[in-house]
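Below, each structure is written out as structure tokens.
Consider the two complexes below, in which chain A is the common component and chain B and chain C are the respective partners.
What follows is the complex of A and B.
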């Protein structure tokens, strides 16, 4: 256990070494937010409507603030360190050490994302509340009690999906393009781009079947009080099942990948 | 002429090497198609819900998306190697470009077109023709010619703005978050400029004219008045052009090699 604590401490030091890069990455939350808010303000102005499918302009602003923050903290992505370890033989260094590679790399994602989301909470959310405080009234109260444990489970789910994506490099060579594809479709499937209520029925059904909605859409809906406590319990159960399923998949991919691994270079 | 030969030679190398990695090539084509589908779907859903941007029909927005993709593809095909500056500077291997008997800036910018670029070009043209078939306007030859000219200016603007961002790698070694931020901002080029107001509009029209890159050719093609944007275009080109020359001179003096 102690070795993993040291691993986490080192990770924090590495992240903070490139502080400018770290803080600039917060702007990558703010930029899409500016674009989305400008677009929706314009649309509401042009069409003259008060709300769309239960969302007022204020609701949408809150939705996008939370969705962008969660998407950056929980959005799954292919871990290039893992891809590089597998393709260049860097994995050898870990295999001969008394550490579990999957735990180490999962901690990479967890520490990076936690640091980002906590700093995000301290920086982005207060700024957003300051700018749009009338829309945030009532959001961060009882709903947080349900939302925070949900976000914790979403963290685990996100780590598993990222690990599965990264372990694909055991089986395919062209991981960059796979990563690009997932970057393109994930905002749609997680609900970062649009609230699910706006989607046509067929697409809505697909999104509701897939697990990606638990990363952004569901936590945002919980924070906004759009899901009843009974449904939150149901969602937690389904998410736990997805977590178990992905744990099995990660384990199988790792073992079958290790049988194919050639340990070149290193 | 020398640069044209260099470009053709690089394209020839790039074409043959892209065919070596067929799997990657197929996935790159798929990701290019998906990029357009996601953008189309986003606006389709908005218009499906009765939401719209004043003065823009769905197919006009589609034409803007197609133009934006066309400009980005033309930029990637011709001058798209610029992003590589950050990696070369970080590794200290930029010397390879400095010692060659051609402009290092043009040399690194011209990475040569690959097969995927030609497919992306075909996708852009398909989107444009699809939109044109559904837009009810009378096309004029001068609008088409103006559109082509403004697309070329768009490619130039795209290059010069990318340059200003990439050149920051001479001062900030790990510049990736900065570049990611820039790519986020680039997304606004495929949105109608009518959406943006106040400071954002001023900044992206007059200082970093990202909003003009695709909007201006589309407005010209759809027979709207583009003369009103001439001051923005001139100031944008002048400000970003002057800034880029100044930064390049400073950057070259700042560069430290690793002795490779």
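What follows is the complex of A and C.
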């Protein structure tokens, strides 16, 4: 176990070394947030409406602050270090050591995302609360207690999805298109771009069947008090099933991929 | 005692065959053809504990593929492989503790951090005690002469310093079997010599079994007691280096310098073999002949010419190997 602690320590040392990169990465949260809030302010101002599908302007501001913050922690993505390891032979260094590669790369995702999300919690959330305090009243009350186990499971699910996306490079030579598709589609499927209620019925139905909503949409709805405790329990059970299914899929992809691995480049 | 046993090992790679040009690319979208490349063709070999074995062969011969199968990185397509009684591709913990794989063109060290941070990680990975770790770092960094660099970020180190830091990382856990893939690639001659000295110490003093691949035949000549020549996935020679030299080193190169007043145009066809005499420099010439003719040739040169310098050399091993592969591949 201690080897994984040292692994995490080294990872944090590397992230914190590149200070400009670390701080500039917050622009990837702040800029979309500003655009989204400005857009909805304009829509509400222009149309004169009070709410859309149960969301007031205040609800949407809170939604987007929480959604963008959670997306940095939980938004799944194809990990380019894994893709590079598989396609250029970097994986070899891990295979010759008594260390679990998937655990190491999962820790990369977990530590990196935790670091950004905790820093976001310290910087972005307080600023947002300061700017829009009237909309945040009632948020972060008892809902947080229900939300925490949910977020914990969402971390696991996010790591699994990211791992599965990355392990596709065992089977596909050129993964740029897969990376672009997931980059474009994930914000829709996770709920980062729009609350699910604002989608047309058919698209809403598809999103509700898929597991990606548990990463951003559901945790945000829990923090906003939009889901009852009984339904939270039901959602946790469904998430656990998805986690088990993706664990089996990850295991199969890894073992099948290792049979195909040609260790090119190294 | 055989520490490595390979029986009828075959490894094939499946790659898709793409026709050149735009039409070929479009065809490839809908109808992809695959070809199988045989990287290793029913190879069998054994390695004894304490051997220093060198694999030599042209690019694509199968040297690195062999090393990767022996270290468990790749699965064989067919055949059996045992390394220290383990099946490598099962990657058991005890097997992984017995081996290390160091590639000259790849680093396991974190680019942004000093090597010491990577050593501390390896310490935990291999469960090395604090005292053993300190001792091992002290001894290896002294032998490799890198005590002053192991606390500087890897990106600031020269290629030679990086390679030596890499060696220390790979040897920290004191493995019994060391796989080296082009370990001296890109290094200057002094760095190469230092690293040869270090490998000799590992093999002669510490008794490690070392398997090496290298394009620099000089690496093999300086270090190995056994040599395997491999070409297009087939072994064409597998024995001690001394046996190889006895068998293949059948030529000798005689270099001599003559006085300036000799009619040097006579020398061109003097030995009745057209173009056999090469003008090396000014009034120095060399001739390469079979070892049986050396005595007669020397008598002839000494009797007929006023020479002031004479040297007899074995044919360089790299020339021997190059000639073998040239004949096989034409």
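In this section, the second predicted complex is superposed on the first by the 266 of 266 C-alpha atoms of A that agree within 3 Å, B and C clash if a C-alpha of one lies under 4 Å from a C-alpha of the other, contacts with A are read in each partner's own complex, and residues count from 1 in each chain.
Methods note: a contact is a pair of C-beta atoms (placed from the backbone, for glycine too) under 8 Å apart; a residue touches a chain by one contact, two chains touch by 3 or more.
Keep in mind that what you see is a predicted model, and the values were worked out from it rather than measured.
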Fit or clash between chain C and chain B when superposed on chain A: fit
Partner chain(s) touched by A:206 [first = chain B, second = chain C, both, neither]: neither
Partner chain(s) touched by A:53 [first = chain B, second = chain C, both, neither]: first
First, second, both or neither for A:188, with chain B first and chain C second: first
Partner chain(s) touched by A:2 [first = chain B, second = chain C, both, neither]: second
Angle, in degrees and to the nearest 10, that opens at chain A between the C-alpha centres of chain B and chain C: 80
Touching partner for A:103 - first (chain B), second (chain C), both, neither: neither
Which superposed partner A:118 touches (first chain B, second chain C, both, neither): neither
Chain A residues touched by each partner, larger count belonging to chain B or chain C: B
Minimum C-alpha spacing, chains overlaid - chain B and chain C, in Å: 5
Common ground on chain A, meaning residues reached by chain C in one complex and by chain B in the other: 18
Residues of chain B defined as touching chain A within the complex: 21, 23-24, 27-28, 30-31, 34-35, 38, 41-42, 45-46, 48-54, 172, 174-178, 180-181, 184-185, 187-188, 191, 194-197, 200
Of chain A, residues touching chain C in the complex: 2-3, 5-7, 10, 13-14, 17-18, 89-90, 92-93, 95-99, 258-259, 261-263, 266
Of chain A, residues touching chain B in the complex: 18, 20-22, 24-25, 27-28, 31-32, 34-35, 38-39, 42-43, 46-47, 49, 52-53, 172-174, 176-178, 180-181, 184-185, 187-188, 193-194, 198-200
For the chain C and chain A complex, residues of the former touching the latter: 13, 68, 71-75, 91, 93, 96-97, 99-101, 103, 105-106, 108, 110, 112-113, 117-118, 120-122, 124-126
